[in-house]
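First comes the structure, then the notes that go with it.
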Amino acid sequence: MIRLEHVSKVYKTSTRPALEDVSVVVDKGEFVFLIGASGSGKSTFLRLLLREEVPSRGRVYVANFDVARMARRRVPRLRQSIGCVFQDFRLLNNKTVAENVAFALEVIGKPRNTIRKVVPEVLELVGLEGKSARMPHELSGGEQQRVAIARAFVNRPLMLLADEPTGNLDPDTSQDIMLLLERINRTGTTVLMATHDHSIVDSMRRRVVELDLGQVVRDDARGVYGVGR
Amino acid sequence: MRASFVFSEVLTGLRRNVTMTVAMILTTMISLTLLGGGLLVVRMIDKTQAVYQEEVDVNVNLTKDISANDKECTQDTCADLRERLESDPAIEAVTFENRDQALVRFKQIFEAQPEMLKLVRADALPASFHLRLVNPDRPEVISQTYSGAVGVDSVVDESEFLERLFSAFNGVRNLTFAIALIQAVAALLLISNTVQVSAFTRRTEVNIMRLVGATRWYTQLPFLLEAVVAGLVGAVLAIGLLVAGKVWFLDTVLGGVFASGVLSPIDGLDILLVSPWLLLTSIGISAVTGYVTLRLYVRQ
Amino acid sequence: MRASFVFSEVLTGLRRNVTMTVAMILTTMISLTLLGGGLLVVRMIDKTQAVYQEEVDVNVNLTKDISANDKECTQDTCADLRERLESDPAIEAVTFENRDQALVRFKQIFEAQPEMLKLVRADALPASFHLRLVNPDRPEVISQTYSGAVGVDSVVDESEFLERLFSAFNGVRNLTFAIALIQAVAALLLISNTVQVSAFTRRTEVNIMRLVGATRWYTQLPFLLEAVVAGLVGAVLAIGLLVAGKVWFLDTVLGGVFASGVLSPIDGLDILLVSPWLLLTSIGISAVTGYVTLRLYVRQ
Amino acid sequence: MIRLEHVSKVYKTSTRPALEDVSVVVDKGEFVFLIGASGSGKSTFLRLLLREEVPSRGRVYVANFDVARMARRRVPRLRQSIGCVFQDFRLLNNKTVAENVAFALEVIGKPRNTIRKVVPEVLELVGLEGKSARMPHELSGGEQQRVAIARAFVNRPLMLLADEPTGNLDPDTSQDIMLLLERINRTGTTVLMATHDHSIVDSMRRRVVELDLGQVVRDDARGVYGVGR
């Protein structure tokens, strides 16, 4: 599903590499936590998979795409097979919940009756069936994050990338979001999640990949956040 | 890509920044109006030039004696001169105009200036031969040959007068084009800027679109269309202004001059001929500017 | 508030959005150039009008006989007429112009059009009395009284000619003002928009400034100054364009007409008189527009 | 120092009140955690103190200012006596560390030689003396947050408001920031901090004010994050 081979990334404006000789393989259907201190390269890792950045060295494979070398115009195809969720939700403030989700389908040219069928389904999955006509600001943070997840998942992508999806949420709401991601993972979707939240990592006991200064320093099949803590 | 979706995005974009859109349309409009005005002046010059060049290059004015007494150019001096002119290989055509005909023409030209008519009595105007030359560029040869010939009072090279007239027109045309050019630069910068501002104010949306896998065309087409729509509206308004300018300015102020035939008038057909060029220029420039701006300044 | 800090902020702002700034300056420049041009035409009309009205209102042309034989107006018919005119209470001043003097004046007026000179022989021009009226608005009374008097060939009301001349000028002036007005609207919208875009692109900074306790003036003054600086530059360029236009366009194309005295020329002094108004207008409008925009559209 | 009396806040675009009949008193020199689920009104609480919003009902006093009723033109004076720190740092990306801190003084018209003296002092306090010439993107998240704190504190404000200052930071870095805030608190500055991070709240054992749906449901002198956890 995902394969990084000796990947390094040095940003132009920065001296120290953000990632250094990282090799990681993630199989289909896995649930992986990506942890590490601030600036350890978690977001960079995810951005490489989305081809928001290209690696300075090494190779990145996602599904059947050779991400680092593919032609620019094929990038949209890659992204259509990946769903993304971010800490700050990234919803369109002037569109309703349903429109926000539908947007992801409109943009890739799905026919209108497919959209009308699929959107309510996915809103039901994330538990927002009654709130499809609300605007984002009329929702709590947790609900907004569900909308973001619905939008990422409405296209039934092969994998879901989440960059600190619970960073702005309180512990209870975070638990709800984690349950939702687990449910999505059970449908066979690979989930890769970067986080700081050790209580979540500790309670889920899933695979943990830890980065430190851009290098993989740990890769446990059923890990916890901090060993020495 | 669904057209209705793109269309609604374009409208949203134009409405989001109304002041900018209006400024862009106005500037484009003025630029194109001036460009169109310049083109119309060029057409007017061309047409006037064509009329004059068809008609005559050099006038040979006859002496007072002939002018007064030989109305049909039948007496010896005049007939000899005509024969000599007609057999000259450098001259293509010869027309005789007697004093009465000259007066009629003079009255037509100065219809709008009655004081001129009062100054000039019929017996002041000479009869003349109007010559069309084989080689209109070299009237001075004719001038030299026939000045001082029997019965000739003076040889007038009309192209001199035309040159002065046309140099005034060319001045007007150049001024118009100069302002149009500066305006065009302003319009270009505005288009480029509008596209940049549009892209900037909607970068959140565009980012989200791109993350869910929208193609570059899909995200950028609305900005391009915005520029083109504004350019189109500007061009249509410019054409409207040209028509209004013709009706309310040219036809009233210069009506007399047109009627006299000194200048060929600008008519609806001329505007009709210039219009598609204005539209094409506007659409072309706004599309190209928009596209280049998107490629160069808007990070994808 | 430290001036150097504000100044560097203004420069940063103008540089950040170069295309917009240039477009704004160009549009302001053209608008002001046209406004200045319109004002200069107004001045030219005023000056020309003043010259004509000072000099003469009505011409009384004398018969061919008098014109040819009475060069000093000493013979009975002419002298009687002069006496009658001089004692008329409606007439303020009477000047006699004989045929030779008329020819000199005619040659001056048509210096640039030699064909006209060729058409008119000295004996075609009449001697005349030039009258200045007590009440210049009612020349038709004079016309009625003296038409047909002994020795009078015709009475010409010069104001008729002037009216036609001035109506052409007024047309040019109105057209110039109309374009200037549209341009001014565009410039206004652009200024408003530039201020909005500036404020928008720098809202992060402004937000941070306001959180650390900067006053509204402190955060918004740079945007206002940006607009004013651009307006000032536009005005200076416009004045430059007017001078250039005078030197390269007016003086070459209309030089002959000016020299003949038919039109009063536009001189450096006129431009000097118009310039401060352009500067003040520009600064005033950009400052007011900027201020209003900040109050209405930019959330504090 | 801070006194809220029966304060309610209803946003125009929202139906339910963001704060409802909140009365809280904070004395000079206190260190107070503001906790609660997402949407419980923590940020609204802080915004009222800064007069970024005005309350719908009730009164707000900060230092000697009657915040809800003061004239608009006096707001800058109020803000000059309050330092703010946010989750997303809010640094100016095109200015160096020292310039970012100096900015807060320039903006309120401090003379240039005062600025030259004060800025290095405060950078030393937050432990960034060697990095004053760096740009924000050359710093780790924790270091960026220190710059933000330095900027908030350079003016020696009476109080420091912090809205989830550790939200984007990993646990280790968060600890450093908390130590810094404690140090600042010890200089006599009142600190009011909104947070989701229960490990921080639990370990510090300071006063905790808990909001729920806009109402104060708990006010413990030496509290922990969740009672039932």
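To keep things simple, chains are lettered A, B, C and D as they appear, and every chain counts its residues starting from 1.
Methods note: a contact is a pair of C-beta atoms (placed from the backbone, for glycine too) under 8 Å apart; a residue touches a chain by one contact, two chains touch by 3 or more.
Quick caveat, the model's predicted, so the values are computed rather than measured.
Engineer: Which chains lie in contact with each of subunit A and subunit C?
Structural biologist: Chains in contact with subunit A as well as subunit C: B, D.
Engineer: How many angstrom between the C-alpha centroids of subunit B and subunit A?
Structural biologist: One centre to the other, that is 63 Å.
Engineer: Between subunit B and subunit D, what distance separates the C-alpha centroids? Give it in angstrom.
Structural biologist: Taking the mean C-alpha position of each chain, the two centres sit 69 Å apart.
Engineer: In whole angstrom, what separates the CA-based centres of subunit B and subunit C?
Structural biologist: A distance of 25 Å separates the two centres.
Engineer: If each chain is a node and each touching pair an edge, is that a line, ring, star, complete or other?
Structural biologist: Here the contact pattern is a ring, one closed loop where every chain has two partners.
Engineer: Any two chains that touch count here, so list every such pair.
Structural biologist: Every touching chain pair, ordered by label, is A-B, A-D, B-C, C-D.
Engineer: Report the residues of subunit D in contact with subunit A in the complex, numbered from low to high.
Structural biologist: 13-15, 36-40, 87, 135, 137-138, 140-142, 164, 167-173, 196, 198-199, 225-226, 229
Engineer: Which of the residues in subunit C end up touching subunit B in this complex?
Structural biologist: Touching subunit B from subunit C are residues 17, 19-20, 22-23, 26-27, 29-30, 33, 61, 106, 112-115, 118-121, 124-125, 154, 156, 158, 160-161, 164, 167-168, 171-172, 174-175, 179, 182-183, 185-186, 189-190, 192-193, 196-197, 200-201, 245, 249, 252-253.
Engineer: Give every residue of subunit D touching subunit C within the complex, in rising order.
Structural biologist: So the residues of subunit D in touch with subunit C come to 50, 73, 76-81, 84, 90, 92, 103-104, 106-109, 112, 151-152, 155.
Engineer: Note which residues of subunit C are touching subunit D in the complex, please.
Structural biologist: Those residues of subunit C that touch subunit D are 1-2, 5, 204-205, 207-216, 218.
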